[in-house]
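Next up, some structures in C-alpha cells.
Shared chain: subunit A. Partners: subunit B in the first complex, subunit C in the second.
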Partner chain A sequence: MNLPMTLRWLKPEFRKHGAAALVSNDSSMGIAPYDDVPVKPPSGYWRWGERRGDGISILIERRAVWVNSGLMIVLMLACIAYLSLGSVILDPRDVVQALAGQGDMMTGFMVQELRLPRLVAACLTGGAFALAGILMQTLARNRLATPGIIGIDNGATAFAVASVVGMSVSLAPSAMALTGAVTAAVLTFGLAAGSGTQGYRFIVAGIGVGAVFGAITQLLLARVAIDTANAAYPWTVGSLNARSGGSVQLLGIGLALGFVVALTLARSLTVLRFSEATASGLGINTSARRIQILLLSVALTALAVAVAGPVGMVGLIGPEIARALSTPRHVPVVAATLAGALVMVLSDLVGRTLLAPIELPVGIVTAIIGGPWLLWILMRPQRSHA
Partner chain B sequence: MNDFRTPPTLATEALSMGYGARRVIDGLDVSLPSAKVTAIVGPNGCGKSTLLSGLARLHKPDVGSVLLDGKDIQRLPSRQLATQLALLPQEAVAPEGLTVTELIRFGRQPHQGWLRQWSAEDQRVVQHALLAAGLEDLADRPIDALSGGQRQRAWIAMTIAQQTPLLLLDEPTSALDLGHQIEVFELVRHLAGHGRTVVMVLHDLASACRYADHLIAMCDGKIVAQGAPDKVVTPELVRKLYQVECTLLTDPDTGSPLLANVRRTQQPA
Partner chain C sequence: MKVAFIPQRLEQRTLLVLLLTALVAVSVVSLLVGAGSVSPSQAFSMLLGSEDSEAYFVVWELRAPRTLIGIAVGMALGVSGALLQAVARNPLAEPGLLGVSAGAAFAVALALVLGASAASLRISVAQVGALVGCLCVLGVARWRGVGNDPIRLVLAGAAFSALLGAMTSLILLFDQRSADEVRFWVIGSLAGRRLEDLWAVLPSMAFCTVLIALIARPLSALALGERMASGLGHHPQLIRALVVLCVALLVGAATAIAGPIIFVGLVVPFIARAFAGPDIRRTLWFCLPIGPLIILAADIISRVVVSPSELPLGVLTALCGAPVLIAAVRARRLPML
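For the complex of A and B:
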C-alpha cells in the first residue's frame, strides 16, 4: 500500500492496517479489529437492538431516564401536596382515596371539583410554557430567547385582554391569544429583518414588541370600568384563577400534540444547537425545521397564555432546571416540560397558601421565587460540563 | 486504490451569488477535480467563502446552479446531500460540554434515523474517524478543553465520520500555529489520497501551493486562474491577487512553487 505520507500522530497499529481504514466505505477492506466487534452503546447510553449488524437500534440516554423519572416522582409528590394543602388541610392518604373516587363526599368534592381542575391547569400551563421556552431557546441558540422575553406572551395577553374587556365576556381567549402571539412573532421577526433568529437584534426587537403590547394591555385596562379592569387584572400578571374551561381543554389537546411533535423534532433540535452551516451540513433541512419549531413554540405559548396569562418566567426556569440536570448530549425536551409543570404547581401552591386567604397570582410567585433562583443558577460556578 | 470508486463530480454553471443587491461572485464556471485537493485562494472579500457556501448549498445562487453529478443540488433532499458532501464551516462552535467522541458521532447523523440510532457501521466509522485524526487518547475529553489544533482535528474527524466522497473546508487552518496547520494539511492530503474530493478555502497562498493539486484563484468575484499550482502561480498572478511582488522558486523536495522575497508593489510616485 502506498501512503502519500505518513501521518505522524497515527498509532502504530493503525499504520499497519493502512490508511485505507481511515476512510473506508467498505467493510471488505479487511479491517480486522473492527469487523466482528459486537456493538457497544456509546458511553452514557443503553442500546436496544441487534448486537451485530445494522438493523434496528435505539439508544436511550441513561441520565435522561433518571432525570425524567426523578422529575416525574417529584411532580407527583408536588401534586399530592397541592391537593392536600389549602384553606382546609387534607390528609394525603384521603386525597389519594378521593382521586380514586373513594372516601367521604366532602373530601371528594374538594379534591375533584375544587383543587384538581386548577392543578391540571397548573401542570398544563407550566409544561407548555417550558416546552415553548426550550424550543425557542434552541431555535435562537440563546438562553434568553424565551417567548416571554421576546414579547410573544405579551402579544397573546394584549389580544386576550382585548377580548375580555372589549366584549365583557371572554368570547374565545384561546383564539384571541393565538392571534396575538402570531402577531407579536411576526412583528418581532419583521423588525429583526434579515438577521434571523440569532444575534441579539432579534431579542432586542422582541423586548420592544413585548413592551408595546404590555402598554396596550395597560391602556385597555385603564379605559374600561374599574370593575372590569379589576376582574381582568390578576389574569394579566398570570393567574390560574380566571381560567375558562374551554381553554384548558384546548391547551390539553395542544400540549399533547405539541409534545409528540417536539419529540419527533428532538433529533433535529440536538443538531440545531450547532451553527446553521454545521446543522445544514449534517443534513438538517434547517429552514423547514426552524419554521416548525417556531410555530410550535408560538402556538404552545398562546394556548398557555389563554389559560393563565403571561407566566413567562416558567419558560425560562423550566429549561434551566432541565439543562442543569441533563447532559449536553441532547436538548432535554421532556425534562423541561416536566420541570415547567413542577415549577408552576409549586408556585401556585405557594401563592394559594402563603398569605391565605389572600391569593398571590402565580405569575408574581414565579417572578419572586424564580428570579433570584435563576440568578443563582446563572451565577454559580459552571460545572466542568454544564 | 480508491475508496469511493466512482466519486461524484461537483461543478458550477454560470454561478452568480450575492447578498441583496450586491453581487459577490459573478458567472463562475468551476469544475472540481475528483479525488484531488482543490484550494480556493484570493484576497479578502473576493468571494471565495461565498463560493464555498454556494457549493455546500448554504446560500442560494441568484443565477446559475451547482451541479452534483450533473444534478442541481437545490433539488436534492438535505439528508441525501449530507451523505455526499460534508462541510466544515469556519470557526465551528460545538455546544458546551460535548466530548470529542460525542462530537464525532454527530457526523453519523445523515446515516441515522429513529430506528437506526447506533449500528455496527456507526461504531466502526466513529472509531476510525477517531484514529484517523489521532484523537483516540482524547476521545472522552470535552471539546472546550482541547487545543486549537486538536479541536480542528476533532471537527475534521466529524466530517470523516460523515463518510462523504466530497469534503468542503472553510479556512481549516486559519487559527492554528504552523505545527497544527501541517497536521491538518497532511490529514487532508491523506483523505484525498483515498478518493475524497477535498475543496478548501485558504488564506495562505504558500500552503495552497504546497498542498493543493488544483488551485482556483479568485479576485472580485471572478476566477483569474485555475489549474495545477506549478502551472498557474506566477509573479503576475500574485501581484494581481494581493498587490505584492515576489520571486518564485521551486521547492527542491516537492516541486511545488515557493514564494520568496515577498514585498509591496512600488507605488508610482
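For the complex of A and C:
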C-alpha cells in the first residue's frame, strides 16, 4: 500500500478520484459528494439533529420514546387517583384545581398538605429503589440481585429499630436508617474488597452481612415490650408513614443527581451485559465502571430506605416491567425508574384504601404483589440474563 | 456387610475419636457453666455427689435438657447441611439461607394465628413449613443449573426468604398475641426449650438416620455426575427427592425445637470436609460430632458473654457464621462438589 497519507483515510470508492473528490463539489465525477450520502438511521431509531454530517446527531430509539411516555402518562393518572382516593374521596377535577392552588380550602388542604407529600415520597422512593435495582441487576447479570436482598435493607432496619427501641433516642429513626444502610454497604464493600471484579462475590458478602443485621434486629425486637416492638414495626416492613421531611428532600436531590449519573453510565451498562472481555474490548474500563455503578446503586438505596424503610420487591418489579416493555438493545434506565415510581404509588394507594380503617404498610403490599412475580421469574425456563 | 463408611484411615479414626472426646468435654462444660447464680465449682461438686438442691435443679432440670437439645440440634443441622450441599453440588447451600428456616417460621406463625399452641402441633407444622420452603427454593433453582452457579441458588434462597418474611409480617399485623409469641420464636435459642419438644421430634430424626444410611452410598455415586450414577444403577431423581425429604425433616425438627439457627449448616460441613476429604459418607460421620460441638460451644459462649443475661444462640451463630460464608466465597475458587 503506497497510498499518500490523505488517501489512506478515504473509503475505497473515493480513492480512484483521490483527494479531488473531497475538495471539489463537481458531481460529474460520478459519485455523490460524501456529505450528501443520506445515512439512514438503523431500524427502530429516529435520528435527531444535523442531517448533513458535520454536526452532532442523536439516535433515539422509537420504542423507548413510546414506552417512557406511556409510563409517564400512566404514572400521572395513578398520581391523580392517589390524590383523589382515600378516606375522603375527591373529584379528580377538584384535585387538579387544588394542585394549581385554586378552589375549595378544605380540598386544597387535603391535597397539598396531606396527600401530596406522601405521593412525592412514594414516587421518589419507588424510582430510587427501581433505579438502584436495575443498576445492580445489570452489574450482577442476575435479575434477582437487588440492593435490598444483599443486606443494605437489613442494616437500615437494624439501626432504625435500635433507634426506636431506645438505644439512642436522640437520633431520629430515618437518620439512623441512613447510617445503617451506609454501614452495611461499607461492611459489604470492605469484606468483598480484593476478591476480584466478579460481582457475585459482592452479593454473597452482602447476604452474609444482611443475615447478621437481621439477627440483631430480631434480638432487639425480642428484648423490649410489645408496644415498643409495635412502634418499630413500620421500620421492619417498610411504610410511608414513618417518613420525615428532611429525608425526602435529601432523597429528591439524590435521585435527581443519581438519575443524571445513571443516564451517563447507561452506555457502559449496555456493554457491561456482555462478557468481561467483550466489554473491555469495546473500550469500557470495566472495574472502574463496576465500582461507580455499585456506589450509585447503594447510595440510591440508602437514601430511599431512610425515607420508607426496607420496601422489598420494588427493585425487582420495576426493572422487570421496564425490561418486559423495552427492547433488549439498551438497559432501560428511564423506564425502570418510572415503573418503580408507578409500582410504589399504586401499592401505597392499595395499602391505604383496601382495608380502609387499617392501613397496610406499603412494604407488605409490594411483597404480596412481588412474591408471585418472583416465583414466576424463578420458575420459567431461563432465556437470557438480565 | 461391614459397618460401612466409618473412616478407615488411622489418622481419621483418631481424629474422630478426638472429636467425640471433645464433644463429651464440652457437654460437661455446658452442664457446669451458666448465666445463673450456680457457679461451676458448685455444679461440679454436685455432680460428684454433694447435696445441693439448687445446683441439682439448675443442672438437671435446666442445663441437662438444654445440652441434650443442643446435641440433637447440632447433629441435625450439621448433617442436613452436608446432605444439602452434596445434593445441590453447591458449597454455599445452607438450610438457613435457602428459605428452610423462613418456611418453618412462616408455618409456625400461621399455626399460631389459627389458634395452635400445643408443642407437638408446632413441631409438625414447622417441619411441613421447612419442607415446603426447601422444595420451593431447590425446585425453582432447578437441579441442573445449580451446579454451575452456586450464587444463583443463594440468591433464590435470599429472595424467597424475604418473601416469606413479608408474608409472616403480614400475618402478624393482624394478630398481636401471635406477634408477641413469634418475635421470641424467630431468634434461635436453646434457652427455655422443653425436653418434651425433643421427644416429639426424635421419631422423625430416627427415620432420617435410617434413610441416610440407605442413601449415603448412592449419594456419593451422585457426586460423580448424574450419568455415572445412573450407569451404576442408581436413580438420581429418587435419591435427590429422598435427600430433600431428609433435609427438610431434620431442619424442620431442629428449627421447631430451637428456632431458626443460621450458618451452622454451612460451617459444619465446611470443617468436616477439611478433615474428611470429598467423600460424603466420611463427611457425614465427621458432621456428627462437629455439629453439636459447635452448637454447644456457641451456646456456652452465649451464656457467659453478657451474663447475667444471655445472648440468643441464633444471633451468635449469625455473627460467627457470616465471616465463614464470606471467606468461602472470597476463596479463589469455590470448591465444586
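FYI, the second predicted complex is superposed on the first by the 282 of 386 C-alpha atoms of A that agree within 3 Å, B and C clash if a C-alpha of one lies under 4 Å from a C-alpha of the other, contacts with A are read in each partner's own complex, and residues count from 1 in each chain.
In this text, contacts are C-beta pairs under 8 Å (C-beta built on N, C-alpha and C of every residue); 3 or more make two chains touch, one makes a residue touch a chain.
Everything numeric in this text was worked out from a predicted model, so none of it was measured.
J.: Look at A:201 in the shared chain and tell me whether it touches subunit B only, subunit C only, both, or neither; answer first, second, both or neither.
T.: In the superposition, A:201 touches subunit C alone.
J.: Examine A:282 and indicate which partner it touches, taking first as subunit B and second as subunit C; both and neither are also allowed.
T.: first
J.: Regarding the shared-chain residue A:216, is it in contact with subunit B (first), subunit C (second), both, or neither?
T.: second
J.: For A:191, is the partner it touches subunit B (first), subunit C (second), both, or none of the two (neither)?
T.: Touch status of A:191: second partner only.
J.: Have a look at where A:40 lands relative to subunit B and subunit C in the superposition and call it first, second, both or neither.
T.: After superposing on A, A:40 lies in contact with subunit B but is clear of subunit C.
J.: Classify the contacts of A:63 with the two partner chains as first (subunit B alone), second (subunit C alone), both, or neither.
T.: Neither subunit B nor subunit C is touched by A:63.
J.: Taking the superposition on A as described, I'd like to know which of subunit B and subunit C A:328 touches: first, second, both or neither.
T.: In the superposition, A:328 touches subunit B alone.
J.: Under the contact rule defined above, give the subunit A residues that sit at the interface with subunit B and also at the interface with subunit C.
T.: none
J.: Flag every residue of subunit B that touches subunit A in the complex, lowest number first.
T.: Subunit B residues touching subunit A: 1, 3-4, 53, 56-58, 77-83, 85-89, 92-98, 101-102, 105-107, 109-110, 114-121, 123-124, 127-129, 131-132, 134, 136, 140, 142, 159-160, 162-163, 183, 186-187, 189-191, 193-196.
J.: So in the complex, the part of subunit C that touches subunit A is made up of which residues?
T.: 92, 96-97, 136, 139-141, 145, 151-152, 154-156, 158-160, 162-163, 166-167, 169-170, 173-174, 176, 179-180, 183-184, 186-187, 262-263, 311-312, 314-315, 318-319, 321-323, 325-326, 329-330
J.: Please give the residue numbers of subunit A that touch subunit C in the complex, ascending.
T.: Touch list, subunit A to subunit C: 142, 144-145, 148-150, 191-192, 194-195, 200-201, 203-205, 207-212, 214-216, 218-219, 221-222, 226, 229-230, 233, 236-237, 312-313, 316, 358, 360-361, 363-364, 367-368, 370-371, 374-375, 378-379, 382.
J.: In their shared complex, at which residues does subunit A touch subunit B?
T.: 1-5, 7-11, 14, 19-27, 29, 31, 34-35, 37, 39-43, 45, 47, 49, 52-59, 267, 271, 273-278, 280-286, 327-329, 384-386
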